[in-house]
Structures are given as C-alpha cells and as structure tokens.
Amino acid sequence: MEPINLFDYEKLAQERLDPALWDYFQAGSEDEITLRANRTAFERIRLRPRVLVDVSSIDMRTTVLGMQLGMPVMIAPMRCHCPAHPDGECASAQAAEEAGSLLIVGSFASQTIEEIAEATQGPLWFQLYTYRNLEVSEKVVRRAEAAGYRAIVLTVDVVRRGHREKDIRNQFNLLNYSSLVNYSAEDVAATPTRLQHLVDTWETVDWLRSITKLPIVLKGLLTAEDALLAVEHGVEGIVVSNHGGRQLDGAITGIEALPEIVEAVDGRSEIYLDGGIRRGTDILKALALGARAVLVGRPILWGLTVNGREGVRHVLEMLHSELETAMILSGRPTLASIDRSLVKLPLDWTSI
Amino acid sequence: MEPINLFDYEKLAQERLDPALWDYFQAGSEDEITLRANRTAFERIRLRPRVLVDVSSIDMRTTVLGMQLGMPVMIAPMRCHCPAHPDGECASAQAAEEAGSLLIVGSFASQTIEEIAEATQGPLWFQLYTYRNLEVSEKVVRRAEAAGYRAIVLTVDVVRRGHREKDIRNQFNLLNYSSLVNYSAEDVAATPTRLQHLVDTWETVDWLRSITKLPIVLKGLLTAEDALLAVEHGVEGIVVSNHGGRQLDGAITGIEALPEIVEAVDGRSEIYLDGGIRRGTDILKALALGARAVLVGRPILWGLTVNGREGVRHVLEMLHSELETAMILSGRPTLASIDRSLVKLPLDWTSI
Amino acid sequence: MEPINLFDYEKLAQERLDPALWDYFQAGSEDEITLRANRTAFERIRLRPRVLVDVSSIDMRTTVLGMQLGMPVMIAPMRCHCPAHPDGECASAQAAEEAGSLLIVGSFASQTIEEIAEATQGPLWFQLYTYRNLEVSEKVVRRAEAAGYRAIVLTVDVVRRGHREKDIRNQFNLLNYSSLVNYSAEDVAATPTRLQHLVDTWETVDWLRSITKLPIVLKGLLTAEDALLAVEHGVEGIVVSNHGGRQLDGAITGIEALPEIVEAVDGRSEIYLDGGIRRGTDILKALALGARAVLVGRPILWGLTVNGREGVRHVLEMLHSELETAMILSGRPTLASIDRSLVKLPLDWTSI
Amino acid sequence: MEPINLFDYEKLAQERLDPALWDYFQAGSEDEITLRANRTAFERIRLRPRVLVDVSSIDMRTTVLGMQLGMPVMIAPMRCHCPAHPDGECASAQAAEEAGSLLIVGSFASQTIEEIAEATQGPLWFQLYTYRNLEVSEKVVRRAEAAGYRAIVLTVDVVRRGHREKDIRNQFNLLNYSSLVNYSAEDVAATPTRLQHLVDTWETVDWLRSITKLPIVLKGLLTAEDALLAVEHGVEGIVVSNHGGRQLDGAITGIEALPEIVEAVDGRSEIYLDGGIRRGTDILKALALGARAVLVGRPILWGLTVNGREGVRHVLEMLHSELETAMILSGRPTLASIDRSLVKLPLDWTSI
C-alpha cells in the first residue's frame, strides 16, 4: 500500500512494529475515553467555507516564538524515535527542517541533545521533565542552550504517569527499547522516583525562568484558570493538551478547551494545540479557534517507523498538502484569514 | 429486484458498474464526514404534519428563474452521464423533460452542448467551470446561449479538487471514461492546470455578468456571508451545496446552512438546495426551510446506469410520487403551504 | 418460551405468522425513521421517582369520555384481528373487557360491528375511515350507534396510505387475509379509490358531528395548531399519533408532540397517546406529559396471534402489572399524582 | 489474567459463578435502560484538570457521619456475600477495614449482625428493610445497636421489587443460595409479603428516629424534592441511588440527580452517591458534584467471588490507587480541593 494519508501510515507502522511497542505508541489511559474523544471532537466541528476568495496564493508560513515555520505544525516531544527507527530524532529533526516544521526534542529522547542539534539547521526546542533534584534538570537545560535549542517546553501534566493498561498487561518497559541517553546513571540514581516526582508547581516555572533566558512553553494545560496563571508567570507559549489521552482519562479534549483559553489569554502568550491532529482540516479547525500552531505526535512515529526521515517528511508534507487544500477550499488563503467564523461548534461544548 | 426507491437504484447501479467508476460516483473527500452528514442531516429533521387540510388536489409545479417545472427538482450538473450509459446527457435531458424536471448540463459533459440541446424541448441550464484563459470559458457560454440554454450555473467550490481518496487509490482517471467533448485540444492545452485554476473570485462573477444576459446561478455557497455577496453581485440564483461531500471534508451540510442563507437573502435571489436528497420527504424538508427547488445528483446516474432514459425518468417519478405523498400526508397541497412550521430542527443546529 | 413481556410476544408472533403478514404488522413507511423513533423517544425520557409516598393502594382506574376503565389503556383500531387469530375482534374485545381496557373497532374490522358488540359487555368505540360517498360512512356510524358503540374515532392521517415498502416488495394484499365485512360489495364499488379518498377536511368533522350524538375522537394529530382546531370543532377526544410510523416517515413522535398539544388544549378535550407503548413505564411517561390514556396496537395483535383472547388479556395484564410497579416505584399511587415533575425530557425536544 | 481494574474482576467472577447467580448480580430491571445509563453517565462527564498544583501529598481521608475513612468509598449493602464466597460479609468487612472503607451490612445479609461485628474493628452500618410488623424491624435495629453498628441505612426504593427479567427467566430464588439468617422463621412468617410491604412512608423515618439514637441514612433518593423532605425529617445522610438500575427502569441516574440534590440540601445532610462507580475518576466526578463519598456494590461481589477478602481488598485498593492518580493528575491533592469547576457536564443534563 502506497500511503496517501496519515491513517495509512498508522496501519503500515502497526504491521512493522513489535506489538508491545505498538501498544505503547497507541495507548491511552484506563478506558481510553479521552483518547477516542481526541478524534471525535474534531469530527464534530463543522466548517463554514467561504467561496470566490482569491486563493491563487496560499501562505501558511508562520512564526512560533519568533522562529520561522513553513507550516503551523510542530513535532510533539516523544521519547520513542529510536525504537521506531534507528535514525531516531536526527531523522525526525531533518524531516522537520525539510518540511518547514520544528522538532521538540523530548527530555527522554533516544539520542543526545547534541547529536540531534548537529543533525539539523532548523530550530529545535527542548522539552523538559524536571527531576526531583533540580540540578540534574538545570544541567540538561544548559546543554540544550549550548547546543542552540531555542525554547524550553516544560511538560506539566505528568506528575504521575497515567494508567495505560495495555502497557501494564504487556509488562512493557520502554527502557528495554530506549535508554535515557541524556542523563547519566548517577543522575538517574539521584532521582529514584523519576516520573512520580510530584513536585512541579508554579515555583518550578519561576525556577526555570530564573535559570534560562530561553522562552518557556508550558505543555499540558486544559483550563482558562491555568492559562491565566501561565500568563502571570510570564510564559511565552502554552500547549493546550491532554497528553494524547495518556494521562487523566476523562479529561476534556484540547480542541474543546481551546476557546476558553484563547479568550482568557487574549494574546499575551502564544497558544498551540496538541492531540488528535490527523488531517489538514483538523489544523484548520484548531487555527480557527485561536491556536497559533499545532503539535503532531503519534503520526510522526508512524512515518518514522515506516520510512525513517522520508516517512516523517511525507507525513508532514501530507499535512501541508491537506492544509493547503483546506485553506483553498475554505477560502482562507492566509493564516490571518482563518477566523472563528469558519467553524460551527457542537452545541454541547457549551459549558454547564 | 424491481426498484421501488432511490436506494434500490443505488444497489442495482453498483452491480452494473466498473468498481472504480462506481467509487468515483460515490466518493466523498478524505474521511467522508460531510458525505455521511448529507444524509443524516435530513434524517434528523422532524416533520410536524397538519391534518384535515383539503389535499384533494396537489400542485407541486413551480418556476425556477421563470421557467416552468412540474416538480421542484433539477438534475445537478455532473460529467459522468456517458460513462453511466451510452445515451448520456441526451437521455437524462429527455427524462428530465418527461418528468417536469430540468437538466443542468456540466461544463465537462460527455456530450456536446448542441446535441443535448437538440435532444430535448425542455429548458436546459449550463454549468460553468472557468478556465484560466477566460476566452475559452466565454466560448462555451456563447455556445450555450446559441443552443438555447437558459441559465449559467457557475460552480464556485472547486478551485481545487477535494481529496477523494478512493479515486487516488484506484488511480482513477475519468478521462479514460469520458473526454471533454466541449473543449478543443487547443483549449485544454492553453489551460494546463485545469481544475487547479485558483482564479475564481467575485470578479469572475462580474465578468460572467458582463458577457451574458442569461441569469446567473452560483453553485457551492454555504454561508450567509457569501449569499449576501452573491445578492450584491446581482446573481439570480444560489445553489446551497457542499458538492456532494466531495470537496471540503467537514463542511457544513447544505440543509443545515440553508436557514441562515434564506434569512440573509430575504427573497432577493432564488435559493436551491443540493446534497443528500434521496426521498420526497427530503425535498419537503428543504422547501420548508426556504429552498425553491432541490438538485439531485448521484441518483440520476444510478437510474441512468440501470436503465438509461427510463431509469432517470423512474428516479424522478419516484421522487415526484414520494413528494406528492409527503405533501398529502403533511397537509401541504401547494408549495406555498410548505412553511417553516412544518419542520422541527435538531437543537444542535443552533449556532455556537 | 413463557412470555414475560411484550417483546416476548413479538418474537413468538413472528414465529407463528406468515412472513408477509408479519411484515404488514410491523412495517413502517419508507426508511422507518419514525417507526424507530417511536421507541427511542420513550427510552430517552428519564424518570424522577419520589419515595416514601404511601403506595399501599394503587389506583389506575380512570374514565375516558366518561366510561370506566380499569387501566388507562385502550386497544388501537386495527383491521388485522382475524388474520392474527380466527377469534378476531371478538376475542380482543372480550380480553379488553376482562382486563379493564376498551377495544376501538376498526372501520375495516374483520368481524361485523354487531357480532363484536354481542361478544362483550365492555364499552366499544368505533373507528371510522370515511368513504368518498358519505352515505356509506353514515350507514356504518348508524350501525355502530345501534350496536351500542359509545364513541366514534375519526382517523385523520390516512388521506393516502404511506409507502410501506415491505408490503410493496411482498406484493402484499390484505384482502387476501381479511375482507371488508362491514361494507357491502355495492358500497365498496361506489367508492373506487377507497383509501386515497383525499377528501377529509374539518368539514368532515362537522358532518360527523351533524349525524351523530356520540362523542367524537380525532386520531392522528401531531401539532398544537391542529389540536386547537379540534377544540374549536368541538371534538371530545384527540389521539396524538403518527399511525405507528406507517404514514409520513420523518413525522415527529406522538410523545414528543404531546406536551405542546396538552398545553394548547388546556383541558378542553381529552388527549390520548398512541405509538410505541411497550412498557408500563412508557404509559407512565405519557401520563406524566398529560395524556389521559394510551392506545396499544401491534402488541395486541402479537398476543392475539400467539394465544387468542388469553394472549390479548395477558398482554394487557402485563402492561397493568408493569404500570402498577412503575406507579409504586415512582411514588405515584394515583393517576392524579402522575405529574410533569416525574419526567425529565431530552433537551433536544426543545423547539427550534 | 491478573486483574488490573474492576472490569477484570467482572470477567473473572463471571467465569466462576453459576450463571443464574451471575445474572442475579448483574441484572437491571426490564430493558436495563437505567443500568446502562449508570455507566454512560460517568463517561459523558468531562474533567478539567488543573496543573502545577502541589500534589506531593495526597489526602483522601474523610469522615462519614463523623467516622474516619481512609478513602471516600463505602461498600453498598447487598445480600449476596456468602453466595459469592463462603467467607461472606466477614471477609468484606475485614477488607473494608484494611482498605479504609466501611461495610454497610444488608438487612438480608448472609451472616449474622453479630458475627460480622466480631470480625472487624472498623465501623459498620446496618441497612434496614422494614417489615410490615415493625417490631420485627425494631428487633434487628436493637441488635445492630448492641453489636456496635454506627448508623442505620433505611432503603426507601424497594417498596416493590423491580422486574429483573433475567431472574424471572432463570426462575431464580436467592433463598436457594442464601437464607435470611438475621430473622427467625417466626419473624418471616409474621410478614408474609416481605418485599411487597408497600408501607414505608415518611412516618417510617419518624418511627426509626423514635426508636434509635443512631444516625439515619436514607438510601434511594433521586430528587431535590425528596432530599428536602429528608432534611425536614432530620436524617443525617442521603444515598442518591437508583438501586443499581434494579428498580424503576428509566429512572434518572444518581450522578445526574446529584447536583440538584446537593443544591437543595445545602449542607444540612451528608450526601453519598451510589451506582455505576467503576473507576477512580468516577469517584472524582461524584465528589466534584458534591457527594461526600460513594458506595460501590457489584465490584465488591466480583472481588469477593474471585478471591474472598483479598479480592475485596484489591478492588478497594485499585479504586484507591486510581482515585489517587486522578487527584494527582487533576491537581486536587485534597478532597476539599475537588470542586464543581473540575467537571463539565453534558448539556442535555439541563432540565426541561
């Protein structure tokens, strides 16, 4: 099968991957209510296309935190690049550069901060999970700065790992597939309850601000209340996200939370949307509701699994092509022209 | 099987057609969300029938742009008549005449403008896709005028073809089934990116107005905003349509968009509804929401495939019979009596 | 299988009946949207039971047009009693009497008006389809009066028969199963287009009023508008009904139409609900929304098919028992205590 | 299979149990509309998690009627402990004590009031079904008092048993599995229509108040109206419940009824939620809507069936662990921090 959309890559990747690893990629937490909702939420938004607009020239270039992107799409931070394909994050970073996207390198990336930076000329962001011992975390931030990373993305929705029951049944241990190459054995030993650190608070944000001049992005917010706090704490970016349905099952979808966050932030921070993006029209819907760009996660791993750097680039190119078509067919030739009037939301998104 | 409704013709046509051609007929774009919605939208509208009305005489005759129709149904412009049946558009036009309907001949019809005109005494409309070289387009408009066509339908929602993935997987090329008989090789050569012309704007409407005295109908509007512009640009008719779910996937359905357009236009243009009509009650619902007539597409090709002119006529007669029954059973003996109070809309059609 | 609810009788009846006759019993019109909605509408209503009410004595006796019923349930007029069981209407009438219900004898009953009247001491109502020649209709009304029938139910929603496609595919002719024993060959000959008479209007109601002193019930109303007209024309009862989903497909359900009709009529006529009643809680819901009693149709034929008079009585007794339990468990020991606060309606029943 | 959630215990228990007993455990009444709704209601509530809250210490300890619980979960009164496992209520009581929960011993428990009390140091509540002869009921209340039970839970929604059709088809008689060990043959003989006593009213509550100083909890309320009456009659606790979908089919779910009851009671009584709890997030949702604690029923029997006391403890521990994770991931480290802003309710829960 010649893949023609992201779902094709999903099928192809499944054929190639060890079932337990596949489950790890795909799993949501507990009953996977939120995982499913991440898709159905997009399918329930209706588009109101305009016609007879001059769409002879489509421009989807944008900036995120001042960096140029060829399309409003970034690669979400994930740790599984090498398990998907030996070329790992380097391949993804190169594909992102080629496609005008941007890779957010995960804290637990399977290649080192430095080698990924050397592999690409494109902008890179670094995603941070803090360690209980903040010196360990500061050390990786310093390395990212030194390697030319341009922003720090602090993930705030994994103070404990969600119950991903597929992984539990599979007795899955990602460390069998991918080691924490960016941390020394010493560092890891110093922080025994790694993911269950339970220590991130708004003080962590202030600490991060205090140790770096890089722009700070918070990933994992789902409420206007927290977005306002983020603004107060001076962050430059917010990723509205439920962590791909992998953390709190039953959590609201990002796309549904987006309007209230956009309204509350009122331009004082950039806002990105993460979760469930599979089509150009999904991007269009997110932009119409006020996102500056979207993050794409699992589909990148599917592309990487199937065809390495080429696969990732193809996934991004298909999104580019689909978004271009969607902009043309909805009469929105520029990102600025993608406004709230383009979408009609499900009535039950009204708050009660 | 003796077909007794339009769905029967669907099954019979599928049995007879080359699978790839069948896919082309049926395909929607991408995930076919809009294609499915075109049917479910009708099924969700509830009818509020009146009783003890004098329905001894049912009159469903109407006019469209001043032309007499025996029923408020037109045949949507499509290019696939000859691939469906060798008698092609001529058969459809004759069936339309017999049934009191009207054929809108497609720009890329599989028979010539002139031979179709000669085949019928009934009114014909001509649907136009503009070419980048407007002289090519003007030439076909002139031929349509000369052949006695009575209106020009400018399709405005195909500035790029939607991603119909069935066709892509089938490597389907309609030109293998049907050539562009109304354009010379020269003309086609002069316009290399035929469907991706990306050039139609409201100026195209003004240009069309400047070159013809025929009434102009815009096909493919889905918003009140565009309907108001259409009125400002002086068009005589609007076809509310999402192109049968073949263009922007996720687009709102025509029947759902209809109320806001009817309200905005406020009688300054005729409004027709296209997409998903399969039953007499669907027509009734569209009329109740303010459409003057509806367009029927795929079912015509099914009838044509199964039984040529007789099949098309039977399809139209079944719609006539079903609409008649629906008018009788809802206590609406005339088109004028079909008012907004006949329908109860799904609550989630409310705008948010 | 020992039947313990109405659905069990449905299965048992299907096993016993000629498939074409079964289809005739069950069929809805066209896509059977309304047929299905008749059931789902009830399932979507939520009950708000009260507790610690004195329910030591349950009283579900009521009157309809002044006649005593042991339970608020009547048997809907149908023509198929004899095809279901040789004992026909007589058996159903006797079962109704035993169960404290009431049979509405159909115009096209399979036994004569007189023999049914002789079979029971219970009250009977006569349902009328008017003939184009009103003298024919007057004649049967006179016979019903003479035989002691106590009300005339004029069915107003069959000015044309709905498209029941199962019957069409089966080339079903009910006359092969049941002749019109209450009309002479002469009478029938005098009215060639029997069901397609297309002549009933409010004048028919006035005519009926002019020829009989019996109370008049109109069956087949679904709107407040028509209910108000019914009140103006002085009818004593209204059956809110979509004819079991057999007439206008897409018509609103009776239970959904009931509130607006009850509000409009404001006590000036009795209101009954017909369509989809299969459980005691369905009756409870109808009463809570203002119906004085309900009509049950198909389940009576199922009971009759399976076990004649005993079967009908059992069906009615099960409804009695279920309603009794429902009244007890909802804290409503009397019909008067069954009020609007007992039900929470689906939000989408709100009118738009 | 190593069970990792409550649904796993459901499957394992089904494998082990006599099918008729399994049916008895699982059955809802009639069409099981309410039984299913008890689950889907939870799945439709969306969570709005907060982030960067200090969740380093999670405290889910609470009190019910002044008694300390390690988690806001109690075991609903049920009669089937011994049929599930020979260790019966004693095992469940011990597991509850170990897990920081509390057993509500059923009136028709399969072990005696006294032996259960001896088996545990934890608090116990006693659930009462009144007998027609109140002296019989007073006698068991006195025994419960003497044995150190700390509250009386009067179940008010079983004035008649709901139609659980699985049991009827199975000709199921629970007395074949479990005798009424807390009542003498004499007592039972004195009250021939045991469950159909039909005599509980608010006077029963007053009577209960008059004979005991223990706090009184009413189980089975679903409306604000009744909750207000409960407050007027001075009860200390209310269990919002539809009896696990086993009584009035079509009854509103407890979780949907909870908000109106919480608002009406306004703190004048403790409020607990029963029905459909299977996940820690379900508990979180109930608490966010104002419940002080929840009751869990069937899953306890599943755990007991599979592994006796260990099984019950494991079920409770999994709920504890899931609730802990849910509190962490929603940024609610204490029960006090679980507020209404955590949940977004389905729009159709609005009253009409």
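All chains are identified by letter, namely A, B, C and D, in their written order; residue positions are counted from 1 within each chain.
One rule holds in what follows: contacts are C-beta pairs under 8 Å (C-beta built on N, C-alpha and C of every residue); 3 or more make two chains touch, one makes a residue touch a chain.
Treat the numbers as computed from the prediction; the structure is a model and nothing was measured.
Common neighbours of chain A and chain D under the contact rule above are absent. Chain B and chain C touch with mostly distinct residues; of the residue numbers seen at this interface, under half occur in both copies.
Between chain A and chain C, the centres computed from C-alpha atoms are 59 Å apart.
Averaging C-alpha coordinates per chain places the centre of chain B 42 Å away from that of chain C. Centroid to centroid, with C-alpha atoms defining each point, chain A and chain B lie 42 Å apart. Touching two or more other chains at once are residues 347-348, 350 of chain B. Listing the residues of chain B that touch chain C in their complex gives 4-5, 43, 45-56, 279, 281, 285, 322, 325-326, 328-330, 341, 344-350.
The touching residues of chain C, when paired with chain B in their complex, are 30-31, 33, 37, 156-157, 159-160, 162-163, 165, 168-169, 198-202, 204-205, 218, 220-223, 225-226, 229, 247-252, 256-257, 347-348, 350-352.
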